[in-house]
Amino acid sequence: MSVVAGKELRIVGFLCNWCSYGGADTAGVSRFKQPTDLRIIKVPCSGRVDPLFVVRALLTGADGVLVSGCHPRDCHYTDGNFYARRRLEMLKRLLPFVGIDERRFHYTWVSASEGQKWQQVVTDFTNRIHQLGPLHVKKENEG
Amino acid sequence: MRVGVFICHCGNNIAGTVDVARVAAEMRKLPGVVYATNYMYTCSEPGQEEIKQAIRKEGLDRIVVAACSPRMHENTFRKTIEKAGLNRYFLEMANIREHISWIGEDKELNTNKAIEAVKMAVAKVMNNKPLYSSSFKVNKRVLVIGGGVAGMQAALDCADGGLDVVLVEKSPSIGGMMSRLDKTFPTIDCSICILGPKMVDVVQHEKIKLYAYSEIDEIKGYVGNYQIKIRKKATYVDWSKCTGCGACMEKCPTRNAYDHFNFGVATTRAINIPFPQAIPKKAKIDPEFCRQFTKGKCGVCAKICPTGAINYEMKDEIVAEDVGAIIVATGYGLFDLDKFPEYGAGRYPDVITGIQYERILNASGPTSGHILRPSDQTEPKTVVFVSCAGSRDKSLGVPYCSNFCCMYIAKQAILTKDHIPDSQSYVFYMDIRSNGKGYDEFTRRAQEEYGAKYIRGRVAKIYPKGKKMVVRGADTLLGTQVEVEADLVVLATAVISAPGAAGMAEKLHISYDTFGFYVESHPKLRPVETNTSGVYLAGACQGPKDIPASVGQGSAAASKVLSLFSKDMLESDPAIAQVNINACVGCLKCVKTCPFQAIKEEVLRNGRKVAKVIETVCAGCGVCTSTCPCGAIQLQHFTDNQLLAEVNAICQS
Amino acid sequence: MTDIKNPYLPELATVLRVIEETPNIKSFQVAFNDPEKMKGFTFQPGQVGQLSVFGVGESTFVINSPPTRMEYLQFSVMKAGEVTAAIHNLYPGDQVGIRAPLGNWFPYEEMKGRNILFIGGGIGLAPLRTLILFMLDNRSDYKDITIIYGSRTPPDLCYKDELKEWEERSDVNLILTVDNEYPGWSKRTGFVPTVLKEVAPSPDDTVAITCGPPIMIKFVLEGLAQLKFRDEDIITTLEKRMKCGIGLCGRCNIGSKYVCKDGPVFSLAQLKEMPDDV
Amino acid sequence: MSTEKVKEAIAKILPDVETVICYQQGFDGLHTTPLFIKIPEEINGLIWNPLCVQNLTSYLPSIKKKVGIVVKGCDSRTIVQYLQEGLIDREKIVIIGVPCTGVVSVKKVLREIGHQPVAGVAFDDNGNIVVKTSKGDRTLAIADVCPDKCATCQYPTPIVYDYLAGDPIKSDKPKESVHEDIRQFDEKTLEEKKAYWEKELEKCIRCYACRNACPMCICQDSCIAETREPHWISQKLSLTEKFMFHMIHAVHLAGRCVECGECERVCPMDIPVAKLKKKINTEMKELFNYEPGVDPDGKPPMYTFNVDEVKIKEHKL
Amino acid sequence: MPDTGYLPKEKVKDFMRELAKDAVVYAPCLEGDTVIFRPFSEERTLCFDRPANSPPKSVIYPQSEQLFAFEYKKDPEDHQKMSVELKADTNVPGMVIFAARPCDARGFTIYDRVFIDTDTPDPYYKKRRENTLIVTLSCAEPSPGCFCVGVGGGPAHKEGSDAMMTELEGGYFIEPVSEKGKAILNKSMIEDGSPYLQKAQEAQAKAHEAVKNPFETDKLKISQDLFNNDAFWEEAVSKCVSCGACTYLCPTCYCFNITDEQASGKGERIRSWDACMFFHFTLEASTHNPRPTRFQRFKNRVGHKFVYYPEKYDGAIACCGCGRCIRYCPVSVDISEIVSNLTESGQKQQQTAGSAKK
């Protein structure tokens, strides 16, 4: 049991607890319809997102990874998203170098009140991943 | 491991678009899950009871609740499982309502997504570890930053509640903006008459320690245990000797010192007491203007002072205070005239700001309450008020409403008529915002009883014409151009965040919005709390506010502190970073990136350097964990392995 | 080409019972799923087994139930790393894997007719327990049996029920100690090596068998030497990081000896012949 | 020339330090190996020539006592980076800097001479290396067999040193050339790049020579490539896991790699692993105008931030 | 049938194709500038003129292999009940290692004692070993760092080979060593080798002469004093960076790790190469590490090859002298030099040098 074949692709989302997870909640409360592909992992802060989580996800089966945190200057932990922004930008620029389309990885800022923005982000990112199709980075080669 | 899974229908909220029974059935197939069920309302009393029963009966050791957002009920269920004997961190929630049932239309897809979400939660909970909070002592003193009406109210309420209060005010007197006002709306009672006694209460309260003319240099620590460094700025007057007699001020030869209290409407002496009701009523030298400092000789005040309080050698002094909580009441700032080139950018003396007009109106102000226009000290007969001078103007970076200008313009129009009965006031406005108790009646009175003419429209330009100022604008209701020849123009300049607000927020580790106003924890339900525990907000530092709102918030913040201090010990959140000293290589990159200075270097007995987390300071952001290259510092409850378990549950299934 | 037994493939077994010995030590009684296997299983006191939690890994523990009581095999596990943490999460009914018996054993035949001195600390009583129970089941084969056992605090003492039983027996001399004074503890206090010195058992015709944390072992060995025990009469059982358990993977060696295969039981005389990277 | 000056400098500092780390001849004519000089007599064993490639500074963080070290310009960047990160105590290190016009890549020489055993080498005055094999001598221009880093070297003279053995040299290589190879690789299509890395990384045997030789891989024994807590990576020898390991190495070196090229030099399977790190460096330069190992007071960009990042634009969907 | 064979150079590929009919043929292939044993296919570039960067040990002893797969199974009737299913697969196809060097083949004989000649033989290794034909190519000249003759081998040492080829001008002279090896003489491309016997022997003797013996003796005698002297090791390997290049490239290193991996109730137990040079190799859960320092680990590595293994196996040295650990060492640590210093004659040299040290 995993993504529904033919209908969904595998999208992993890392959302910070204070802003974006709340934004996704707000979108839910407002009944803003979204595609179902995204699977959300809650983290306290976007600064907790080690770029290697994104790499691991993309290498082991994810077709797309989304990271969302508080808007810059608005981090619950003051600086967490500032670090996140640098690390994730670095990763975004590294990915195409190893042959992974950088469009498969998106990072953005959504506050707890921005339900509508969240809906837009999820919808647009999911559409983008569907346009790109499944990612076949994974290739087992023993020996 | 014996995981129990509880799927909530949430009435029809979840069950309507998710096949909850199927989710439960799928969970039963998972290794490690020994119990899975679905229930109408898991958060209800019987729903929680069922969880407790199952824990006991089935010997469950970890619980997954798939229901609404954990932001809603995580605490509820943590308490539930704790009551049944499990550690509260053996709970994971899968958000299948806000993130699934409410946003997806296809029941099949929703159900599949819910199954995966719960699988992720199961994968994570199997990696959870019991965490225990430790308790620490609270220092039951409170720091109030800002001695305006909000800060004073907070300080008095705390002090009356038995707390020791440290009140720090950066100007020489407490009282803030309210002490400058002439009358207050909508009652037209004298501002200083109602504020003065409060100021006296503050200075006389045995529980309040006042630092006037002082600023916050440094804030260290955490809720319950803050260490504050206060900079007592040099006044060059020994306040322990100064009696406030004012003799120095009378004899001071410098007469052109900028008068901060009067917003430059008049000048003052280089040594001055800001205003007659000042608390503390002490003199201070303004070295920028004092001849002793600028020319190196004078010494008049030193000679005249009967108590010998003058000390030209005085230096700033740093004092330390330890407190357990902080109330921030740093107030607001105002746009300068120079923001308005079309209104003369401060070049026309008879175009003034609302707060300057307050000083002109005020009986103890520079004109002793006679309305005299600055240029020629004559009585203005035509006064034009311009509202929204900057406010609600995106191009000036102030898209918001300054909240109380409409009201004080009405008040000032009324007072103008009171002072000069043959005067005529004009008010250019965008909208009249008067939604407080008795407010709308008040603005009507200004128009109906006092004859103020309200013109809806923006003022495009103000320029001098002889002794008059021509105010040119549009009347958008009539659709015509309007020109008023005024004797005096008062701009209701935009309320902005206090100067230095951002720097203060950074010292406090609280967040601020793009305009520099401090951000409350929740816009509705936690309006005085910040996201940093132990730091509370009062007054206009959080956003433009009038007096009653500021006072109310001051009291609210005080009550928050009082309830925080009702316990002797506080419990720390155990979901904080932890160092595995065996893996730590002592590179201390985590020390560099920790936003809270919560990590320090520790030298082990064998001489090895490692990182050490100061448990009470760590806020649990996890920046250190993603900084650490060797995985030695792990944010508990969000460890690499816990998050990887979730990633694997999605990607490797 | 004949099919050989796959030494890496564990025998499936079920946890029967979990006993909480101390705050961080649990004992697990397990039995093979195949009753025939259980019936046919034999081992010698001191031999070890590899206990698997599939998905997490394997770890080596001494079989601390004696070969004279074969309804189950008992392993005592102190929580330290990933595998032991996973083992601690096991409940009765859970499935595990066992590869046993592995390694050598206590030379109990050679000890017959002699005085036996057991010196244990903390979880170090586990390997001794096998031999103690085995000797008590064959009590007449041995002369005096003395057990010196200590732990940090009284709650850290393993096998509390058995300790009580041994204490009550007249044919066992049990000396218990904890490191420091502890509320409600009326017996000895002090570290095991110190107590050994105080008790000063005679080396005459006595074999000393010791197991415990490395630092205790170090001082116990010194103490025994002072008491004039011969190196050949001092026996200890070593613990090492092991993976294969059959002398191949290369990490548990001390010189040319593999603890998993040539040990874990060594006499001090043997240890002295080996390099010192213990 | 330099050799004597290096020896002089060592003789001078030796009384003051526990050890001086420098080079000696290795097992054949083409290889050098570290020499740890403790007593004056051992100075004679020292050699200094373009075969002294290894970045010796990686030994510094683990040495507690006061040491002397011989560094080339490129090696000195490691010391600068160590200083930025607070990994060494400048007081405990005496640096003998040697201006360098380029070293020799043993791999490239071996490729040129067909992997013959080498009896000895000599260097002539025209910038050539003469390699003696059983099949005769081969004369190669050092410029043709230098490591890639030398071809674009910007720091021929050490950035920090206490003694300089030789006259400072200015770089004659254009600054733009440094990242040229990365830009060219960037031009390839995603498929080409993916195929390239799959083919290269497939060769990896996870011996971790690249990691252990890397002066900035400070985790060493605590590297997450081998731990279960955290369990980032399995011991399976699949392409995914090899890929993951090299991504870990690259990401952990983001904004820290001093481009000494050790990872690539030591790889027994000749995988161009330095490229990944250099790519990140190119981006660090672009984003933060930061170059690792150049300014002792600099701040590694991943451990700091600007509230307003001038170069990071919000990404649109 | 003749005792020896001859394979003309132009028929080499035909011969390999023939072998590939019923086996996977691993041959040294050029990838970039790297020589690696790869399953032979037409698009590969063969490279016989120097030893491969990595030996063919992974063919018989893969760097990682599944010991067994497991799956947790829920009882459909009673979801509280769970069983485990284990599946082990020791089946392997027929394999040929082609054109390995004699030292590489000799390496397998060192494994054989450990993995096969024991009371608990390793079925995975044993099956692969039995299913693999090893055709070696004798060395014409030594590579940098080679010292096979010092450990009882040689450029044409036949131990471990099933058949050995020796390069001559127009082809390869083939000597079968085992019964398995004899069978290849039947292949149609193989001509009678006897006319080439003498030339081949000459070539082999010449090659043997060219390899230096760093120990200057056939019988190594390690000084126990020196071996047990920590200071010797600290000094000798202070430059070692503790990576695994030497062990992973070594045809005689066989230490391994066993780890479990699982996702969603399924998984496998993996056996993977490990290196005694790694700190983690002996790290215990209690955080105690019996060999915490580099020199202790290096001592164990040398000890294993030159002291412990010989102690266990009749004096056999667990080193084939292929020189890879020297050639590919990031810092050019030379094991032959260290071992030579460990011998009694080496010890004397050391002492004279060491007495001057402060």
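As written, the chain order gives the labels A, B, C, D and E, with residue 1 at the start of each chain.
As a convention for this text, contacts are C-beta pairs under 8 Å (C-beta built on N, C-alpha and C of every residue); 3 or more make two chains touch, one makes a residue touch a chain.
The structure presented is a predicted model; accordingly, all values stated were derived computationally and were not measured.
Trainee: Which chain, with its centre taken as the mean C-alpha position, is closest to the global C-alpha centre?
Mentor: Centre-most chain by C-alpha means: A.
Trainee: Determine which of the two chain pairs, B-C or C-E, is joined by the larger number of C-beta pairs in contact.
Mentor: Top pair by contacting C-beta pairs is C-E.
Trainee: Considering only mean CA positions as chain centres, point out the chain farthest from chain E.
Mentor: B
Trainee: Can you give the whole-Å distance between the Cα centres of chain D and chain E?
Mentor: Roughly 30 Å separates the two chain centres.
Trainee: Can you compute the centre-to-centre distance for chain A and chain E, using the mean CA position of each chain? Integer Å is fine.
Mentor: Once rounded, the distance between the two centres reads 46 Å.
Trainee: From the C-alpha centre of chain C to that of chain D, how far is it in Å?
Mentor: 50
Trainee: I'd like to verify one number: the distance from the centre of chain B to the centre of chain E, where each centre is the average of its C-alpha atoms, in whole angstrom.
Mentor: 70
Trainee: Could you list which residues of chain D touch at least two other chains?
Mentor: As it turns out, chain D has residues touching two or more other chains at 220-221, 227-229, 232, 236-238, 302.
Trainee: Mind pulling the residue numbers of chain A that touch at least two other chains?
Mentor: Chain A, residues with two or more chain partners: 51, 56, 60, 73, 79, 83, 87, 142-143.
Trainee: Return the residues of chain E touching two or more other chains; collapse runs of consecutive numbers into ranges.
Mentor: Answer for chain E, listing residues that touch two or more other chains: 62-64, 72, 80, 82, 257, 259, 261, 265.
Trainee: Under the definition above, what is the set of chain C residues touching chain B in their complex?
Mentor: Answer in residue numbers: 89, 91.
Trainee: Taking the complex as given, what residues does chain B use to touch chain C?
Mentor: Where chain B meets chain C, its residues are 1-2, 59, 61.
Trainee: Which residues of chain E touch chain C once you look at their complex with the stated criterion?
Mentor: Residue list for chain E touching chain C: 67-68, 70, 72, 80-84, 86, 88, 90, 114-115, 118, 120-123, 126-127, 130, 228, 254-262, 265, 267, 269, 271, 274, 276, 281-286, 288, 290-291, 296, 299-300, 303-304, 307-309, 311-312.
Trainee: In their shared complex, at which residues does chain E touch chain D?
Mentor: Touch residues, chain E against chain D: 31-34, 36, 49-50, 53-54, 62-64, 141-146, 238-239, 241-245, 247-249, 257, 259, 261, 270, 272, 275, 278-280, 324, 326, 328, 330-334, 336-337, 356-358.
Trainee: Per the contact definition, I'd like the list of chain D residues that touch chain E in the complex.
Mentor: 26-28, 30-34, 36, 38-39, 41, 54, 58-59, 107, 111, 114-115, 117-118, 134, 199, 203, 205-209, 211-213, 220-221, 226-228, 234-238, 262, 265-266, 268-270
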